[in-house]
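Two complexes follow with chain A in common, the first pairing it with chain B and the second with chain C.
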Partner chain A sequence: MRLVLDGFTKRFGDTTVIDALDLTVEDGEMIALLGPSGCGKSTTLFAIAGLHRVDGGRILFGERDVAQVSAQERNVGIVFQNYALYPHMTVAQNIAFPLRVRGASVADMDRKVREIAGLVQIGELLERKPAQLSGGQQQRVALARALVRKPDVLLLDEPLANLDAKLRMEMRSEIRRVQLETGITAILVTHDQVEAMSMCDRIALMKAGGIVQIAEPAEMYDNPADRYVAGFLGNPPIAFLDAVSDDILRLAGGAALGAAGTLQGLGPIALGVRPEHYGPGKGVPLDGTVIMLETHGREDLFEVELAGGGRLRAILPAGSGVRPGTTVDWGIDMTRVFAFSPEGRRL
Partner chain B sequence: MRQDRIGFLFLTPALIAVVLFYLLPVVMTAVFAFTNMSTSTGIRGGDYMLTEGSLRDLREQGLNEATLSHLADAGYVVDAEGLAALAEAFGAPLAERVEAALGGQSFATGRDLERALRDLRAPEIRMTRDRKRAADLFQRSVLNIRHDTAAALAADLSAAGIPQSEQDPIVEVAYTGWSWTTRNFELLLSLPSTARYAINTLIYVALTLVIFNVGLGLFLAISTFYLPERTAATFRAIWFMPRILPPVLYVLMWKWLMWDNGFLASALAPFGVERINWMMHSEYHAWVAVILINGVVGASFGMIIFASAIKAIPQTMLLASEVDGATRWQQVRFIILPQMRWPILFVTAYQTLSLLASFEYILLSTGGGPGSATEVWAMAAFRTALNNYGGNLQYGMGATFALVLVIIGTALSLLYLRFFNFQALLAKPRIER
Partner chain C sequence: MQEQRAPNARHWPLIAGLVALSAPLVVMYLYQVIDTVTTTPPGSIIPDGVTLGHWRFLAGPLSEGGPSVWSLAGNTLVFATCTALVVTSVSVTAAYALSRLNMPGRGFFLGGLIVLHAFPTITLIVAVFLILQYMGLYDTLTGVILVKVAFELPFGIWIMKGFYDSVPWEIEMAGVTDGADRFTVWRLLVLPQVQPGLAALLIFSFLSGWSEFILPLVLAPANAPQVLATYLAGIIADDRFADFSLFKAVSIFYALPVLAIYMIFQKKLMNIYGGGTKG
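== the complex of A and B ==
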């Protein structure tokens, strides 16, 4: 079901935390609300669930405005970071709970619970209590409980934050698989860019109660709207260099980078260079010294201090033999560099 | 090893306190329960004295009549001591005459001596009344004479001519101090009032516990949970007030409310309701008052425990249930109440024990009345041992009452501990739910 936030506003007391936010999630789409803590992503999710009162705007489930409808009367499913399973109920009773409070028949509940348990692959755990399950299994139960009554929207509040690295990888693809299989509209709240990029159709990157950019993951990575987006996405992160653009483009330290092109005469700007676009034989060579090396196994991450000031990161296949302290003359692939105004606007 | 010793060292004050204030009183209660200590026996040893009363007891015990009458009448001896007293009362000439005629003789009864005196025809004792007074001066009975030891009494008995074989029961009856006995328990089982106290205690504990300490406590905790924090805190503070109030003041306020010229009676009078003492009008009135007075105090304990237990339920669990479609009532019924099992058990266990032992609010309000309609076990123990109308405080009997309470309390505690599975209760909390 299509979900639309239209001018959604949320205040806590006198503080407006979200001001007139617009967001459209297409039917069957999975979208990530990505941003640092305190950016309003969980608040938005709770408002969609009906757990927070809405102070302005509309929330449309299909054609129906649910902004003033209680949580009980909206048809949503939610998965919390701590799973929020009911500890005194068995797995089956947990999953059946949304049906039970609506007075479903025992046979109906039983059938639906088995169906959904099969989908999330916990069919053999139905008689256990939550305390007897691993974190990943609890997460599957929470997912099943959220899905069992075929909600209009599935809401996921940092669902992977409590899992260890290996389980997180596994559950990432599991949740996506289940979402695709059920074709449900889903919203994932996370501060982990990898989760957002790997699981979702689109990402809405949030900052201070507003959406900075909505785009598909690759598009957002390759074409960030501003310096904040460029800095948020990418691991290892992008490096920024101060530069000056007059007739030609040069670094703040003085080294010339080449023709200014469309940037001509803009004065002081910032350049964003991703690690994969800096390295040996990639355009204009710049003198620098390797000051740090991180071994990642398949590849090595270098940090290079440029002779004229400024630091860049480079990522190279392992086995280059370059040690910290080595002087290098690696270059920047100027075609892939992002330019930003001093205020952070994309140029 | 050394750490163990340091541990004990730190525990010492607590251990001393436990021994002094818990173990010792229990042991003393158990000891007293097997004695017949009372005001009349005292709590130290006693001495030996035969009275008219002890003779009655001996007759009931079946001592033969000859010995009994011997004890009652025995011992009119014309000796130096008696003659001296006679000389003082009636003059030396009479004394000399009596000594000459009867000196050294014994008489079984006062009547025999009087007859002998009459035969002397002495003018000083011509009147019957005077003769009787003179005869009394020679009475050497063992009755009404205090002996420090059993041996001293036995010696006197021998002197009075009581055979050795019959002295033991007499010495026993003459003992005025306390002695070991199991009669308290027999008495406890045979008295009809015992059953009354037991039933009263059951009514008192069960109704106060179920309606107020658990029921109202739970209701208050849940209802304040859904109120804004500030309002909830105010409500809880109001319900907590009776607990802070001194019991005497608190009960006094109830009395002002319920007495026949109190608030309730005065407020209802204009509507034609007869002015009655709402606290003591009938035993039903008394019971309602007793349970209300105790319950309003007791509810706050459960309320605090339950409220904090509800707060310990993760917020997201309640949010999840709302999103799952549960109404408030369903949330309470399916999410909150099932997770209150341990707090409810704890409050039940704890409050049962404190209610069993407490009677101060009953004592202050109805005083156990009307009649003994609201007299509970603990109060019976108190009255028997420490405070009754008769003035003869039966420490031993009271201790027997108290001992039964201690046994029931200990048995219940053990049962609760088992029921609670204390091991599990003390287990480390799980961080992940």
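== the complex of A and C ==
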């Protein structure tokens, strides 16, 4: 079902946490609400679920405006960060609870519970209590409980935050598989960009109660709307250099980078350089000194202090033999550099 | 660990000290029991005969037309049970409201709860006496139960609120989005989480009711005593000549249920002192 937030506003007392937010999630799409802590992701999610009262705007499920509808009548499935399983009930009873309060027959509940338990692969755990499950298994139970009533929208609030790295990767693809198989419209709240990029059709990047950019993951990475987006996506993160653009483009330290092209005559600007676009034999060579090396196994991450000031990160395949302290003359691939105004606008 | 558990030479002085300190208590309890089944000549501490005479109160009233201990035990049981049930059922609902519902006057009630919790409620006894008289409940068991419940509630609500506070909000949020109304959420999802607190409070307030003395004494001082505590007091206050062996026998009769309950429910009662943190 298509979900639309139209001018959604939320206040806590006098502070406006979300101000007139617009968001459309297409039918069957999975979208990520990505942003730093405190930007209003959970607030938005809880408002969609009906757990927070809405202070303005509309929330449309299909054609129906549910902004004033109680949580019980919205048909939303939520997976919480701490799973919020009912500790005194077995897995089967947990999953059946949404059906039970709707007065489903025992046979019907049993059939649906088995069906959904099969889908999330916990069929053999049905008689256990939540305390007897691992984190990943609890996660699957929470997912099953959210899905069993065939919700209009599935909401996931940082569902992977409590899992260890390996399990997180496994559950990432699991959740995505289940979402695709059920074709349910879903919103994933996360502050982990890898999660957002790997699981979702589109990402809505939030900042201080508003959405800065909505785009497909690759598009957002390759074409960030502003400096904030560019800085948020990418790990290791992008590096920024102060530069000046008159008839040619040069760094603040003086080194010339080449023709200014469309940037001509803009004065002081900032350049964003991703680590993969800086390295040996890429574009104009710049003098610099390696000041730090992080070994990541398959590849090495270098931090380079440029002779004229400013720092860049480079990522190279392991085994380059470059050590901290070495002077290098690596270059920047100027075709892949983002330019930003001093206020952070994309140029 | 091992070393600490096995009493070794260094612990013996400690143990000896504890024994010396608690010996008087042990002797007292011992005599409490021995005196109820023996006769002892005045001035001696060595019993000179065995008798069941001190337990004669079990067979029938001590004096012509006096109350039977069994009917008093029944009264006490009713008193303690009603107190426990009302205290628990009011606490369990009121505490939920104070813990979770955003209702008007919540701050006021919470403040009042803490004040009443610390307040020596017995100083209210005169006002309570007047109110009961006005309502026509003076000298009735119902009246005493109501007052006892009122005095116990701040404690009960406070304890239960502690247990509710430790139930994660997400459980309720999940319940509501699962389609259950707030009452169903409370009954099916939250109540089972605070069940240890519920059981502890039930037992605790039962014991408190069972041992209540002042309230029945002051508020229901009819010719015949109403509960075991006042009956017990009556035995030594009654005559110029007080029968201490009888007093001890009745005390044991009175204390046995308490001991039994403590032994059976020890673990549950401990929950209350944990403050509900582990729920």
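Remarks
Everything that follows uses one rule, which is that the second predicted complex is superposed on the first by the 347 of 347 C-alpha atoms of A that agree within 3 Å, B and C clash if a C-alpha of one lies under 4 Å from a C-alpha of the other, contacts with A are read in each partner's own complex, and residues count from 1 in each chain.
In this text, a contact is a pair of C-beta atoms (placed from the backbone, for glycine too) under 8 Å apart; a residue touches a chain by one contact, two chains touch by 3 or more.
Because the structure is predicted, anything quoted here is derived from the model rather than measured.
Of the two partner chains placed by superposition, only chain B is touched by A:P130; chain C is not. When the two structures are aligned on the shared chain, A:N162 is found in touch with chain B, with no touch to chain C. When the two complexes are overlaid on their common chain A, residue A:I315 makes contact with neither chain B nor chain C. More residues of chain A lie in touch with B than with the remaining chain of the pair chain B and chain C.
Contacts of A:G77 after superposition: both chain B and chain C are touched. When the two complexes are overlaid on their common chain A, residue A:L60 makes contact with neither chain B nor chain C.
Across the superposed pair, chain B and chain C both touch chain A at residues 46, 49-51, 71-72, 74, 76-78, 80-82, 84, 86-88, 97-98, 101-102, 145, 149.
Taken together, the chain A residues at the contact with chain C in this complex read 46, 49-51, 71-72, 74-78, 80-82, 84, 86-88, 97-98, 101-102, 145, 149. Against chain A, the residues of chain C that register as touching in their complex are 168, 170-171, 173-181, 184, 188-189, 192-193. Chain B makes touch with chain A in their complex at residues 314, 316-317, 319-327, 330, 334-335, 338-339, 341, 430, 432-433. Within the complex, the chain A residues that touch chain B are 46, 49-51, 70-74, 76-78, 80-89, 97-98, 100-102, 130-131, 135, 145, 149, 162.
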